[in-house]
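Shared between the two complexes below is subunit A, which has subunit B as its partner in the first and subunit C in the second.
Then we have the complex of A and B:
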């Protein structure tokens, strides 16, 4: 029998990027909020101090900030006829755990999406005809438009202290920025990060090819900065330990460096760590949540009653919690009915590794968002009929980043394939470390009828719940896109004077063992109507109006760029409605 | 019949006495109680505010702060304005007995009668909490209050604050706050062997409770002489400024007291402090080149990522080391304990971030801590004395035993 805790206004399941935003918005209204986080407390000074944080072996190679498969994993299969098996090692993606979640270890690439991205299907259909879309592709328009989201992108950029160069300020094109971006209402709160020799070379080369390079927006503060909540950030020191690490310099945006200092001292807020939410509790009719059940570190089960339930865990866990709780209808690919688990997709990252022999780029210096990029091949910025071969849906940005190459992870490009060892490996490292660069593409990934999330019939987690089952593979359309984007990467690499060392392209079958990105999306898609998704544009579930779901699980397909800013902006848009409308008059905010 | 009227009058009369003081006076009292940081000592850890009970460790034993809430049996419920003034001004309790000088009456004696009455009016509005104060635990002969009389004869003359007509109104206001209710000298002025403020050393720095309360005079090398008045105001208002961050006991003072003060009063404090003479400087012994080299290497590996290659830090986040009061203090205890155990800034109303310095006790040896402390105390214009490893070792043991 679960111990019943005192009721609160809202309970937050998972305390990462979106959970912190929910806690801030609701406690600002004087509501009582409890956040439940499966991992531990993580603080800048206690866990990420520079004296301990720059430890590649512990954090990057041994995944110190990631959830271990023994605690939580998924089963995987390529199609709905196959039997799925558990992923027993951290592989294709790395999911964070602990306070701050994956927003603690992210690289900090702070992209907005293109306006046309939000009306993907209708826009591409209008321009190229409906037959551009294969029959089994379920990619769809978003529930929000760029214009609706713009004020919330702006607010999130200011909360996070994003460093960048505006390219389109209220319709005026600004030199140095991205001329292809959607109109912005304001500048970035901080100027772009410093440029490196490597990014300058990319910039010059891209311009010479007629492309439009601009500095990537980075969630590393380029100068000391105070955000709208009064939280202070320090200037980035380009230490090169962003992706996979917490930031010890208060420079990389994470809940710890931007929101928690305010939230943690708000009256009415309580955080309980090492508390795993096992299911959402509903009333007899299943149309109203009464709270959640959770298990603490000692194994004791509690009930936390709440008027509102906010599902704010990682993309995959969001779908999992809804499925095990019976919130909404599980998606069935055979009938096309149900929406929970539908529209799962995964970012198709590709790259070209190349060498400029004899050159030195000081590769140990860097930051996760320090890059020069082009949008010429993203969204509908290029003619999809003019591509070589068959037209495809999708695109992505292409860019050169100087992340700060750590010694183990960047032994020598291509050395793994050649199974190098000993003196041969050392020679290759000496030859390539200083002069090797990479041009990468962050490719979109479309949604398909038989790429989805469901409950596994065989394997269970430590709490006795079925594991989440991922059914996924890379389809022809997306292979064409990946090949096209990596071709462009190679073209630029060669124009930079490089000798190609390696080509990283996405082909079928999907490789679950090789790390690509952590950008999973979908499963609880936001939609204009209940038949196409799980939540409305405010993140409110169609089936259970006091359950809200935030995160990239709202995305109807993976766009050709990193998800975090769009995750934050859609959450802020939803919370704006929760605070202004739902709290005053609970009920469905969009008529079904 | 007459008797009945009289009875009625008697019944009504107490209501008239109990008429509450005017609201502006109460609010002024609230403000002045914050200036005096009364709540810091008169609240037990986790206990109700102003209900007393915090034990103050003094070199002479533990003294417990009294209950200031209006509880008749255990607080100030039966006190009058006169009794309260007698305590602030003369250091006597309601029965006329001497208070122990842990109560900073040597400073509060300068409080005006109007300010004393205002504080009392505010304290009367607090919820009454019945909480008896534990008996003090003092070593003989100090466990006899009568010995305080002798101490007072030596070190205490009740007095009021007399403005200096030659100085500005701001200076005089600052002097009134600093040398009166604010009792800054309670920490920042060196005490003699009998626990009284040393004359001639006002606010030039002092060690207590394992922290060095730095020089806050106008001295350019060790005090606030190089600070802008705005920086002093920002520090007291938010706990941080472009060069420093309040930590240790001062973080609590900012938290409970100075962040609530008006900018005009804080500016007055800055004016007064910067006018004060610093200590006579004594040239520090030079550290050996070997220690300097080792200190620099340790600094670059462990400190420079945040504090910067030249110790400049980051405004309002990471303190600058050149001229920092704790770094260049005659007693290095503050900088050493911060290196060993780390420190966290307090969140204030206007600055919610709580940047923190991590601990290095697990990583650096006594000799390494001494070398890096010596390095930062003697570079970038700093001219403080070298630190030896045994000082670090002693402090490490002391902190571990605490």
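Then we have the complex of A and C:
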């Protein structure tokens, strides 16, 4: 029998990027909020100090900040007829755990999406005709437009202290920025990060090819900064430990460095860590949530009653919690009915690795967002009919980042039967570490009828719940896109004077074992009508109006850009409506 | 005079520390085996000695104490596989769906070394000359010792992966002794603030290598 806790206005399931925004918005209104986080408390001073974090083996190689498969994993299969197998090790993606979630270990690449991205299907159909879309592709227009989202992008950039160069300020093109971006209402709060020899070389080469390079917007503060909540950040020191690590310098944006110092002090807020939400509880009719059930570190089960339930876990866990709780209708690819788990997609990251022999790029220096980018091959910035071979839906940015390359990950020997070893391996390590660069593409990924999330019939988690089952593979359209983007990467790499070392593009079968990105999306898509998604544009579930879902699980397909800023902006847009409308008059905010 | 005396005392006060720091480096460290038996340790050491050999380029994996690194790693949570999902039926699938085995890394090493040592050339491996060891490792890598009971090529891949990790990891894990791995590739170590070097543009850095615990490479292991 679960111990019943005192009722609160809102309970938050998962305390990462979106959970922190929910807590801030609701406690500012004087509401009583409890956040439940499955992982541990993590603080900048206590857990992210440089002497702790600057340790590649512990964090990047052994995944020190990630949820362990023993605690939470997925099963995977390539089609809906196959039996799925569990992902027993961390592989293609790395999901954070603990306070801050994946927003503590992200690289900090702070992209907005382009205006066309939000009307992907209608725009591309108008320009190229409906034939561009294969029959089984379920990619759709977003529930929000760029113009609706813009004020919230702006607010989130200021909250996170993003460093960048505006390229389009209210319609005026500004030299040095991205001329292809959507109009911005304001500058970035901080100037771009400093540049390096590697990013300068990319910049010069891209310009010589007629492309439009600009500095990546980075969630590393380029100077001391105080955000609108009064939280202070320090200037980035380019230590090279961003992606996979927590920042000990209060420079990389995370909930810890931007929101928690304020929220943790608010009256009416309580955080309970090592508390795993096992299901959302509903009333007899199943149309109204009454709270959640959770298990704490001692194994005791509790009931937390609440008037509002906010599902703020990682993308995959959002769908999982709805499915095990029976919120909404599970998607069935055979009938097309149901929406929970529909429109799952990943991110088709690709790259060209190359060497400029004899050169040294100081690869130990860097920051996760220190890069030069081109958008010439994202969205509809290129003619999709003019590509070699068959036209495809999708695109992505291409760029060169100076992340700070850690030795083991950079020089991993490979596991093939022809992997190099002995003196030859030593020579290769010595010759390539300092002179190797990578041009990468953040490829979009479309949604398909038979790529979806559901509950596995065989494998269980430590709480006896079915594991989430991922049914997914890379389709022809997306394979063509990946090949096209990596071809462009190689073209730029060669123009930079590089000798190609490796080519990474995506083909079927999808490799679950090689880390790519953590950019999973969909499963609880936001939609204009209830037949196309799980939540309305405010993140409110169509089925259960006091349950809200935030995160990249709202994306109807994966754009060719990193998700975090859009996750934050869509959450802020939703919370704006919750505070202004729902709290005063609970009920569906968009008529079904 | 007092000032000079004070200065003099100050210098005297510093001398023992300076003298200590200038002593030739002698690594003591904890080499007590945590996982390997003597035979296993000898086998792994003989393999590491060829996977990352000492050669004209500099010291190899044995001087870097990579066998100790692997021993420590296998003895810990990672070697035990505490983080892995090991529930449910063990199914079979393509390699792209990941390692389905529920055997821990440590047990995989133990079983693989035992199976290899059951072969005549495996038993002789630890004492064999470099050419013979290279021949044995090549056969192992190419799958010539793969059987239903022994995943020889997978074991080779694990040995190689763990050797490189031990050669390049922070020395606090027991490998990369004397920072020899980092010295080979020109990695200056972990430093908190690189801001003054953003426009270093590849010029040679004149600074000692530092790990997470500073310029000492055997912190916490003595």
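Note that the second predicted complex is superposed on the first by the 585 of 592 C-alpha atoms of A that agree within 3 Å, B and C clash if a C-alpha of one lies under 4 Å from a C-alpha of the other, contacts with A are read in each partner's own complex, and residues count from 1 in each chain.
Keep this in mind: a residue touches a chain if its C-beta (ideal position, glycine included) is under 8 Å from a C-beta of that chain, and two chains touch if they have at least 3 such contacts.
Please read these numbers as outputs of a predicted model, since none were measured by experiment.
**Student:** So in the superposed three-chain picture, is A:499 touching just subunit B, just subunit C, both, or none of them (first/second/both/neither)?
**Tutor:** It touches nothing on subunit B or subunit C.
**Student:** Let me test your reading of the model: by the given contact rule, A:63 touches which partner, first (subunit B), second (subunit C), both or neither?
**Tutor:** second
**Student:** Answer with first, second, both or neither: which of subunit B and subunit C does A:364 touch in the superposed model?
**Tutor:** After superposition on chain A, A:364 lies in contact with subunit C alone.
**Student:** Should A:250 be classified as contacting the first partner (subunit B), the second (subunit C), both, or neither?
**Tutor:** first
**Student:** Touching A:529, do we find subunit B (first), subunit C (second), both, or neither?
**Tutor:** The answer is neither, since A:529 touches no partner chain.
**Student:** On the superposed three-chain arrangement, identify whether subunit B or subunit C touches more subunit A residues.
**Tutor:** Counting contacted residues of subunit A, the larger count belongs to C.
**Student:** Kindly classify A:50 by the partners it touches after superposition: subunit B alone (first), subunit C alone (second), both, or neither?
**Tutor:** Both: A:50 reaches subunit B and subunit C.
**Student:** Please work out whether A:239 is in contact with subunit B alone, subunit C alone, both, or neither, and reply first, second, both or neither.
**Tutor:** both
**Student:** Looking at A:301, would you say it contacts subunit B, subunit C, both, or neither? Reply first, second, both or neither.
**Tutor:** A:301 contacts neither subunit B nor subunit C.
**Student:** Of the residues on subunit A, which ones does subunit B touch that subunit C also touches?
**Tutor:** After superposing on chain A, subunit A residues 50-52, 235, 237, 239, 249 contact both subunit B and subunit C.
**Student:** If we count contacts the way the header does, which residues on subunit C are in touch with subunit A in the complex?
**Tutor:** Residues of subunit C touching subunit A: 50-53, 55, 57-58, 60, 78, 82-89, 91, 93-102, 134, 137, 141-143, 153, 157, 160-161, 164-165, 168-170, 172-173, 181-182, 184-195, 197-203, 212-213.
**Student:** Would you tell me which residues of subunit A are touching subunit B in their complex?
**Tutor:** 43-46, 49-52, 224, 226, 229-235, 237, 239, 248-250, 261-262, 265
**Student:** State the interface residues of subunit B toward subunit A in the complex, per the touch definition above.
**Tutor:** Going by the criterion above, the answer is residues 302, 305-306, 314-318, 342, 344, 347, 350-358, 360, 363.
**Student:** Which of the residues in subunit A come into contact with subunit C in the complex?
**Tutor:** Touch residues, subunit A against subunit C: 50-52, 54-57, 61-63, 68-70, 73, 76-77, 83, 85-91, 194-197, 235, 237-241, 249, 359-362, 364-365, 407-408, 411-413, 415-417, 419, 421-423, 425-427, 429-430, 433-434, 458-460, 509-513.
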